[in-house]
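Right after this note come the structures.
Look at the two complexes coming up: chain A is in both, with chain B in one and chain C in the other.
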Partner chain A sequence: MTILELRDLHVTYKSDRGDVPAVRGVDLAIAAGETVGLAGESGCGKSTIAGAVLRLLPRDTIVGGQVLLNGDDVYELKPGRLRAVRWTAAAIVFQGALHSLNPVRRVGEQIEEAIVLHSDRGDAGTHAVRDRITGLLERVGLRPDLARSYPHQMSGGQRQRVLIALALACEPDLLIADEPTTALDVMVQAQVLELLAELQRDRGLALLFITHDLSVLSTTCDRLAVMYAGRVVEEGRTVDLLKTPQHPYTRALARAFPTIGDPRSRMNPSGLGGDPPDPTHLPSGCPFHPRCDMAIEACATADVLLRPIRPDRAAACVHVAVSA
Partner chain B sequence: MSELLRLAGVHVTYQSSGRSGVVRAVDGIDLTVDRGEVLALVGESGCGKTTLIRAIIGLEPMTSGSIVFDGATVATGQRELRRLRRRVQMIFQDPTGALNPRATIYEAVAEGIRIHGLAGPEPELVATALAQAGLRPPERYMPRFPHEVSGGQRQRVLIAGAMVLGPQLLLADEPVASLDASVRGEILALMRVLVDTTGISIVAVTHDLGLAWNIADRIAVMYLGRIVEVGDAEEVLADPLHPYTKALLSVVPEADRMEQQILVGETPDPANVPSGCRFHPRCPLVASGEAERLGIIDRCRSVDVQLVASPGGRRSVACHAVRLPNDG
Partner chain C sequence: MRARFVVGKILGSLATLAFVLAVNFFLFRVVNDDPTGSLFRGRNLSPDQIQRRREQFNLTGTKFEQFLAYLRQTARGNLGDSFLSNRPVTTEIMEAVWPTLLLVGTATVLAMLVGIPLGIHAGWKRRSRFDAASTSFSMFTYSVPDFWLGMILLAVFAVGLGWFPTGGFEDAGSNATGVAALLDQLHHMALPALTLMLAYIGEYVIVMRSSILDTLNEDYLQLARAKGLRDADVRRRHAVPNALLPVVSLTALNFGFVLSGAIAVEAIFSWPGLGQATLEAIRGPDFPMLQGLFLVFSIAAILANLIADLLYAHLDPRVGGR
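Showing the complex of A and B:
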């Protein structure tokens, strides 16, 4: 069953410098029990998509296309219904747990607030709600008595777990994790990733995993979509996509994460020259062509959209042969 | 290769205001760095790796131990430290925070020249350093402000500001942790080129074992204020001997190479160092019963374990369960 579907999503921010087209036509679908990774550099539009799904973007932002959550168009919802959809249909775990939690309230109270405001699971202070908080904390591997702690009394890993507990408070069908482990240490990152995988197995959650770290996505996701300049430039099954990247950008991104033990990357770090494009001044033609080592003359003028290569695989590059 | 830096018995302790009293952030480190070498110092947050490199340039006071740099013991007087800091430069994780937002890139690089009273035409020194750090043509970058360039370019500015003083040692604290993957490789390549072309040495503090694989000659693994394993990067990463190194390597997210050993909890508190081997409460050998089978469990719990070098001296490990192979 499809939980989330983006249809030709466009997001344009308003700024002093004019319109900033952050997302320029993205189609994406996530089924129940599926993990989809959204990869790309800073500014490619991946976090904007997270905000767009739950209408968390600035009020004057122009959103085009459709965001369907369990079949409902999120942008057609009445305010009351929207509030119900947030947290119960989809919830977000952000990076930087310290900023997402209220520093002057105990974490238990913050989880309670989410339960009381967004679901019909009982009123504040009742046993039902307290049991639910205990259950949530245990679910994410925290001691229930930590409910009485303030965020600053916890470690980074514990706070990230609290955010996951919060996101699960109303049993959403979709969890959006935006760089959930970027601020964490390797060992704690492994713990959080394991937790997310477990939750997904047990609850059949649909998971949209957003990060610049392709190596994290490689171990967690069924499918990957790689974004560049507001568009998906390649998508496919994770293993397939990482083993045989078709778009030159995916290839460069994959090479940037060395496999320890691989002689090709030993004493040979690999990056990608140049900077991500400024969304207000996108290059002509294929937006990647100024940084592309395979660019030909046509790339400077002809924009290439995502094209299917074979079932479950598509890329937006002039060098890619289109499937019949 | 000749030795540039030698740390012997370095301790950094703090008096804590809490119940526990003494915080042993760096708890007895012996380590050498050769000329023209990249050493990766890896470990989790709170293991003392940043404190250690800050102690090298006197930003953290050593409680005991000695540092020999370029053949001379480092004194702790202000004047001596200033001389040292020209020859030992530091770059940080967050280039945005490390740069003054109101100073141009030219000013950022020239500041060190002025502080250390370097001889020579300032504009040329700045231009050369910027070009060396890959900001070419340098004239284009000089008048810009930090916010006008990308994160990767800001890190290059910091590297230029360090290199302009002609240092012998660069201390890099998580130099690429805040950068995008594409930029990461570029900065690492630059660091390796600087080492190979100028003969400078780099100590890179990181939790990223991929960085070590990409650019480091040697690797030292720290746990709770101590080095638990040190050796050639390739050997340590291909064949880790300490159970902590093994665990760290197992959680590097890449398409499932080995079974993950996810350690529970976070790095324990340096104000409350466990007895015996400080790693034993989290050690997979202890948890699995392997230490018991080997008949070493009592020593794991009660005998503090020191780094033991292989006969050839190229590899050292601090673990009761490890017998080092002879490396000639």
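Showing the complex of A and C:
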């Protein structure tokens, strides 16, 4: 069953310097029990997609296309219905756990608030709600008495676990994890990834995993979508995509991470030169062509959209042979 | 809040107080070594009388002996006698404290009660018409001098329309008691309190508004919204508790100026408070009185600082060693 479906999603921010097209036509579907990774450099529109799913973007933002959550178009919902859908149909593990938790309220209260808001019987302070908080904290591997702590009293890993517990509070169908491990050290990062994978298995959650770190995605995701300048430039099954990247950008991203056990790649990690393009002044043609080592003349004029290569595989590049 | 934090803050306040006591003593000795001369300008006093005066005002002996005498006196709650009235400074101050506390306290509380909600609303709905109106109103009242505002109000509502008395604390020769006396005092207080409230309100609106603006982009507000909270609840439960923190400090600190803050306005409305007393003491010059007033003002400011620190630590779990 498809939980989330994006249909030709466009998001344009209003700013003093003019319109900023952050997402320019993204199609994406996530089924129950599936983990999809969304990768790309900062500024490519990944986090905008997370905000767009629950209609959290600034009020003057222009959103085109459709966001279907369990079949309902989120942008057609009445305010009351939208509030009911938030956190129950989809919940977000925000990036930056320190800033995502309210500094002056105990973490237990912040979890309780979500539970009470979305249940008709549980009132604040009742045994049922308290047991639920205890269960959630234990589920993410935290001592239940940490519910009485303030965010600043916890370690980064603990805070990240609290955010995950908070996201699970209303048993959402879809969990959007926006850079959930970026600020954590490698050991804690591995623990959090393991936890997310477990939860996903146990509950049949749909998981949208957003990160710039391809190595993180490779171990957790069934499918990957690589974004560049507001569009998906390549998508496919994780193993397939990482083994035979078709888009030059994907190739460059994959090359940027050294392969463990291969001293040559460690001694010579080849990064990608240049900066991501300014969304207000995108290059003509393929937006990646100024940084692309395979660019040909046509790339400066012809903008190539995502084209299917074979079942479950698509890329947006002139060099890619289109399947029949 | 840890006990160590509280004790530390209290000790810090006591140290400040000790410093203030010393400055307070030497400041006036620097201004005028022996005020008896200027005090009895030209009047014929026998050397004997002058000597008695000197003893009464603690002007005999070396500077250091005088300082020790001053400390002993002050520790016993004796601030000396006023040059002008010959009465104890403590009595003079006690009489003037209540009118000032009533006037400035009322104005401060009203300014908070009106200004903070205005600021919250303006910040939350920034760039709305409400925001534009409330911010320009605040900027105007904040930048206008309080004595000018006072004189305009006095001219319009007391002199022109005659709705309010032009000054004083209560009707002269009135022997009303109870509710009648209270109503009379409120009637007298209306204009000066309104003046001060208008002078104070802008600060609360502006600080509260900018504090709300600071929280608007916080991730925890985004998360609160994502949870499905109503806009009003996001504001009430998540934005305001954080945004109030700087305003709490401001408020507590402002209470430190309650006693000393209304000199100009008290003068315009002939309000018999500490401001008037200060003005008269300066004209004198009445050094013991000034010294006593400065000490009282300083203690109020130190106390307000201490309360601001403790209150902040109570409200913000990140402060205070918890």
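The rule we apply is simple: the second predicted complex is superposed on the first by the 319 of 324 C-alpha atoms of A that agree within 3 Å, B and C clash if a C-alpha of one lies under 4 Å from a C-alpha of the other, contacts with A are read in each partner's own complex, and residues count from 1 in each chain.
The rule is short, and it goes like this: contacts are C-beta pairs under 8 Å (C-beta built on N, C-alpha and C of every residue); 3 or more make two chains touch, one makes a residue touch a chain.
For clarity, every value in this text was computed on a predicted model and none was experimentally measured.
On the superposed chain A, the positions of chain B and chain C stay apart, so the two partners fit side by side.
In the superposed model, A:215 makes contact with chain B only, not with chain C. When the two structures are aligned on the shared chain, A:75 is found in touch with neither chain B nor chain C. Counting the residues of chain A touched by each of chain B and chain C gives the higher count for B. Within the superposed three-chain model, A:88 lies in touch with chain C and out of touch with chain B [touch as defined at top].
When the two complexes are overlaid on their common chain A, residue A:114 makes contact with chain C while staying clear of chain B.
After overlaying the two complexes on the shared chain, residue contacts for A:150 are found with chain C alone; chain B is out of touch. Contacts of A:42 after superposition: chain B is touched, whereas chain C is not reached.
In the superposition on chain A, contact of A:256 is made with chain B only, not with chain C. Figure legend note: chain B and chain C, brought together by superposition on chain A, show a least Cα distance of 10 Å.
Residues of chain A that lie in the contact sets of both chain B and chain C are absent, per the superposition on chain A. By the touch criterion given at the top, residues 41-42, 155-157, 185-191, 193-194, 212-216, 218-220, 239, 242, 252-253, 255-261, 265-273, 275-276 of chain A touch chain B in their complex. Within the complex formed with chain A, the chain B residues making contact are 44-45, 150-153, 180-189, 192, 207-210, 213-215, 234, 237-238, 247-249, 251-257, 260, 262-264, 266-267.
Here chain C touches chain A in the complex through residues 218-220, 222-230, 237-238, 241-242, 245, 315-318, 322, going by the rule given at the top.
Residue ranges on chain A touching chain C, taken from their complex, read 51, 54, 56, 83-88, 91-92, 94, 96, 99-105, 113-114, 117-118, 150, 152-153, 166.
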